[in-house]
Amino acid sequence: MNLGVIGLGMMGRAMAQTLLRAGHRVTVWNRTRGRAEELQAEGALIADVPADACKGEAVITCLADDDAVKAVVFGENGLAGARADGCIHVSMSTISLSLNRQLSQAHGETGQRFVAAPVFGRPDTIAAAQLLIVAAGDAEAIAQCQPIFDALGRRTIVVGADPIAAPMVKLVGNFLLASAVESLAEAMALLRKSGTDPQACLDVLTDTLFAAPAYKNYARLMLEQNYDPGFRLALGLKDVGLVLDAAASFDVPMPVASLARDRLLAGVARGHQDKDLSALALVCAEDAGLMNDK
Amino acid sequence: MNLGVIGLGMMGRAMAQTLLRAGHRVTVWNRTRGRAEELQAEGALIADVPADACKGEAVITCLADDDAVKAVVFGENGLAGARADGCIHVSMSTISLSLNRQLSQAHGETGQRFVAAPVFGRPDTIAAAQLLIVAAGDAEAIAQCQPIFDALGRRTIVVGADPIAAPMVKLVGNFLLASAVESLAEAMALLRKSGTDPQACLDVLTDTLFAAPAYKNYARLMLEQNYDPGFRLALGLKDVGLVLDAAASFDVPMPVASLARDRLLAGVARGHQDKDLSALALVCAEDAGLMNDK
Amino acid sequence: MNLGVIGLGMMGRAMAQTLLRAGHRVTVWNRTRGRAEELQAEGALIADVPADACKGEAVITCLADDDAVKAVVFGENGLAGARADGCIHVSMSTISLSLNRQLSQAHGETGQRFVAAPVFGRPDTIAAAQLLIVAAGDAEAIAQCQPIFDALGRRTIVVGADPIAAPMVKLVGNFLLASAVESLAEAMALLRKSGTDPQACLDVLTDTLFAAPAYKNYARLMLEQNYDPGFRLALGLKDVGLVLDAAASFDVPMPVASLARDRLLAGVARGHQDKDLSALALVCAEDAGLMNDK
Amino acid sequence: MNLGVIGLGMMGRAMAQTLLRAGHRVTVWNRTRGRAEELQAEGALIADVPADACKGEAVITCLADDDAVKAVVFGENGLAGARADGCIHVSMSTISLSLNRQLSQAHGETGQRFVAAPVFGRPDTIAAAQLLIVAAGDAEAIAQCQPIFDALGRRTIVVGADPIAAPMVKLVGNFLLASAVESLAEAMALLRKSGTDPQACLDVLTDTLFAAPAYKNYARLMLEQNYDPGFRLALGLKDVGLVLDAAASFDVPMPVASLARDRLLAGVARGHQDKDLSALALVCAEDAGLMNDK
């Protein structure tokens, strides 16, 4: 396929590389042009403006936040004005519900198609074609994007035609994750301060009632005191913020999300913003006086 | 084996029946004698006082709370005074860390042995010999109790000699459960109020990142709006209270546990105490105004 | 003075009327022109566009939220483009810190002056010239506005040249208020459910340690079960949201503010949005099961 | 009057001294006899056992917690067994609602009288006869105790015959205080991190809406970064715990109290237990990253 990839952060870059390796023709654009040029050796074409990256069958956006997406879509030389007929906008980063709806409407008005396809996974998950992709939008457009999804992920789940449905799964998933990680972090503090072996306790639980990737992964990271960024704490804060914004727009109180947000904010304030989400264990350890000696 | 079972609530009764069916000789005691007599037809012997139930190789206590355990151990004709030599006290209900320690010390002083062996499961899990049993205490004593554990459970995990270790796993497990269920309940409210299909969303998540029994089970109950008591909400409140007491004794703040306690307390106050823990979905739905019409 | 008033909600309307009665010449503008016309009989002139209201010595904005202020300032025929030389923009409604900063900069660039002067009080407080006004900005500009402040309030406190300083006092004040009202509401629920006389208890406390207008006023409203809107619960939610946004921009967790926001959101979800902030007592009463019978 | 004082901590000692100075005959008892002997030079008589301190017209208990009160009342040579006819038990320290009820019933059964009279104030408040005393119980017994209250306080408020009524006022008061102090601490962190002058902001608020002793006092302490113990943070934690226990006994969720408890617990865990309640400002500052450099 003839594809565009806009946004070459850790995730976008891995997507472009993996799509190139899968044999697709890929035109890339990044605000800082240098990051685009690094991909030339691997066969990527470079777009001068976002609009130039959407002349093929689909253009993927993989950007840090709502503002970045608005800039490339509605800004000068953006997708909204210049998109070639038939080019599908596939939004793969985590953005707000309201922007998803806005994109869907804006593209609809110009006769373009929009697919919301946020993903669960990390850069190395993409290289191994093991992403979990959750897609929503026009069924035919999703079907046309299947080769893209197959190149990047091990599984694509289609959750309906309403483009809100896919980001909602992503937001709810990240909310449950933040809640689970904060809970594990509190449990770790209790286990450590009480002199109980955290490894033995968490092994039992993540092998039985909580035998799920989310729990196994974060329990392991915390036991290893491994805070190397896979999913940055600052991004976790951003995502919980999106959950709370979505919930507020529907008048739904979500106290666990509020609490998780405060803990993530404390983590950022204390200097852990570029560590992994697992660094919530540090926040809880500090709160429990376990770091007093340091 | 020659065993005693003290406490014939739903769990204790199922234990006694299952042990009888497995061929053990079982003497039962219950504060309300009638519940003991119901088991006579199945072969149980009846003890007039708690002390009479601990003349065999082991006596199991399966009681509602700390006060009930203290009464049968330290009260008149209790286990502490009258226990026959060699009879192991196996504590299988969820009680406080501090009482576990107190029992361990008190029995130690009289040369008796104490095994803390709290369980994960429900009455029907016992009948199917499918409990998860977490045991801590003297290794030899645990080994002697193995036939009991084999009759009741599919798996016994020994977490060490410190009797605190086993109830700590149970308390942490129930804390993680309450946190997960409250989080699912908040997510349900958001999904329903936003018009997103909760089934599709939760299917994706409990099939991937959160593919664990705790999440699958409670997501299903909430989707079915099934609040029939398997694990009563009022017991969930008791257990989160025990977690908070344990944490306070070590000066560990656990804000998610505090929040879960407030939500469970609201559930009890609103009349859901005898529904399942899944009724936290009702508390969240009420908070989100989803029940305004009723 | 020759003044403009933009925004004729309950507060803005009372301001315009009071300024007219004090002998000032007042030109008004409101998105819905009808509300402006109602003031013609009292001597107000009507502006066709916002820019027409800022041809005198000062123009007051008193609008519902950030979006409304942005529209009249930066929108077509807005203040930013058309303001006559020397006309001071006096922002008297509660808007975000970031918009205050943006307004200050934008006006600075065009050589205009900006005074942030949020107020504590209600419509009837204005008519009685009893507002508390907190002003920040250029000292000379504030001095020139003193006749306006004297007409509306009993006291003006100048907190510095940084325009952020005044809205910060307002936001912190409304945060402390929301926190105090939620705390009183929880105390009310405890007192009522325990059978203790709330009146006697709150009389003692608001007559001693808590002998402040905020506590006296809201304790009285709750004891009278008076939820008539003086300060609407939905506005309280908006203001706590502004506090949390400001705090997030400086990486400051404010857990009491988060909790207050969730309770206010529950209040809105349950249908109390147009009641007074005192209706937090209803939210707490519902949570405590005191309304089960109704 | 012929009086007893049991418990010679900072508060009890000041009470005994002040009553001696007022001309009363005072017999004291303390678990550590040395503290009693220190008062001999001022004219105090020493009781060998608690029962010996209750042979006059009234005996005051001023003890650290429920356990200490239970020991002197129900323990060997305690008040319950040996109290002389007519000696009124005046409980002036902050103890649980349930122990108040238990004392009232126990004394009632032996024909003794019980007055609950918790106080607001500090040791130096007692010496200046400036305590606020809240009394509940038998009206005649309270009247007989009036000379005691007059010697210690500037004001006695009688809130009814139900002995629960007085400790409830005290618990609610301390809950409102903890909530107000935590809120002020969060506001301080926001003001400091945003570069706004905290003094100017808090001066405005504590001079108007929040012009109450509780706010003025704690705002001043925080602005002075004065954490010298007047009301120890660890005692604040104990009192909020009593509030939550009382609320739980009536099935009343109090989320602000839960949150305050977690913050106080974090304060204790981080080593601030012997500082003043104002040290919640340190907890909030740490959470906001304001102490990162230290």
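By written order: A, B, C and D. Residues from 1 in each chain.
Here is the rule we use: contacts are C-beta pairs under 8 Å (C-beta built on N, C-alpha and C of every residue); 3 or more make two chains touch, one makes a residue touch a chain.
Quick caveat, the model's predicted, so the values are computed rather than measured.
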- Quick check: more C-beta contact pairs in B-D or B-C? B-D
- Item | Residue-number overlap at the subunit A/subunit D interface, same or different (half cut) | same
- Task: Report back the single chain whose CA centre is most distant from the CA centre of subunit C.
- Result: B
- Message: Can you report the angle of the rotation that maps subunit C onto subunit D, using C-alpha atoms only, to the nearest 5 degrees?
- Response: 180
- Taking each chain's centre as its mean C-alpha position, how far apart are subunit C and subunit D in Å? 38
- Query: Once you find the CA centre of subunit B and the CA centre of subunit C, what distance in Å lies between them?
  - Reply: 52
- Message: Report the inter-centroid distance (CA atoms only) between subunit B and subunit D in whole Å.
- Response: 38
- Message: Two-or-more-chain contact residues of subunit D, please, as numbers and ranges.
- Response: 247, 251-255, 259, 263, 266, 268-269, 287-289
- Message: List the residues on subunit A that touch subunit D in their complex, please.
- Response: 255, 266, 268-271, 286-289, 292
- Task: Could you please specify the touching residues of subunit B with respect to subunit A in the complex?
- Result: 97, 120, 132, 134, 155, 157, 159-160, 162, 164-165, 168-169, 172-173, 175-177, 179-180, 182-184, 186-187, 189-191, 193-194, 196-197, 200-201, 204-205, 208-215, 243, 246-247, 250-257, 259, 263, 287-289
- Within the complex, subunit B is touched by subunit D residues 241, 247-248, 251-255, 258-259, 261-263, 265-266, 268-269
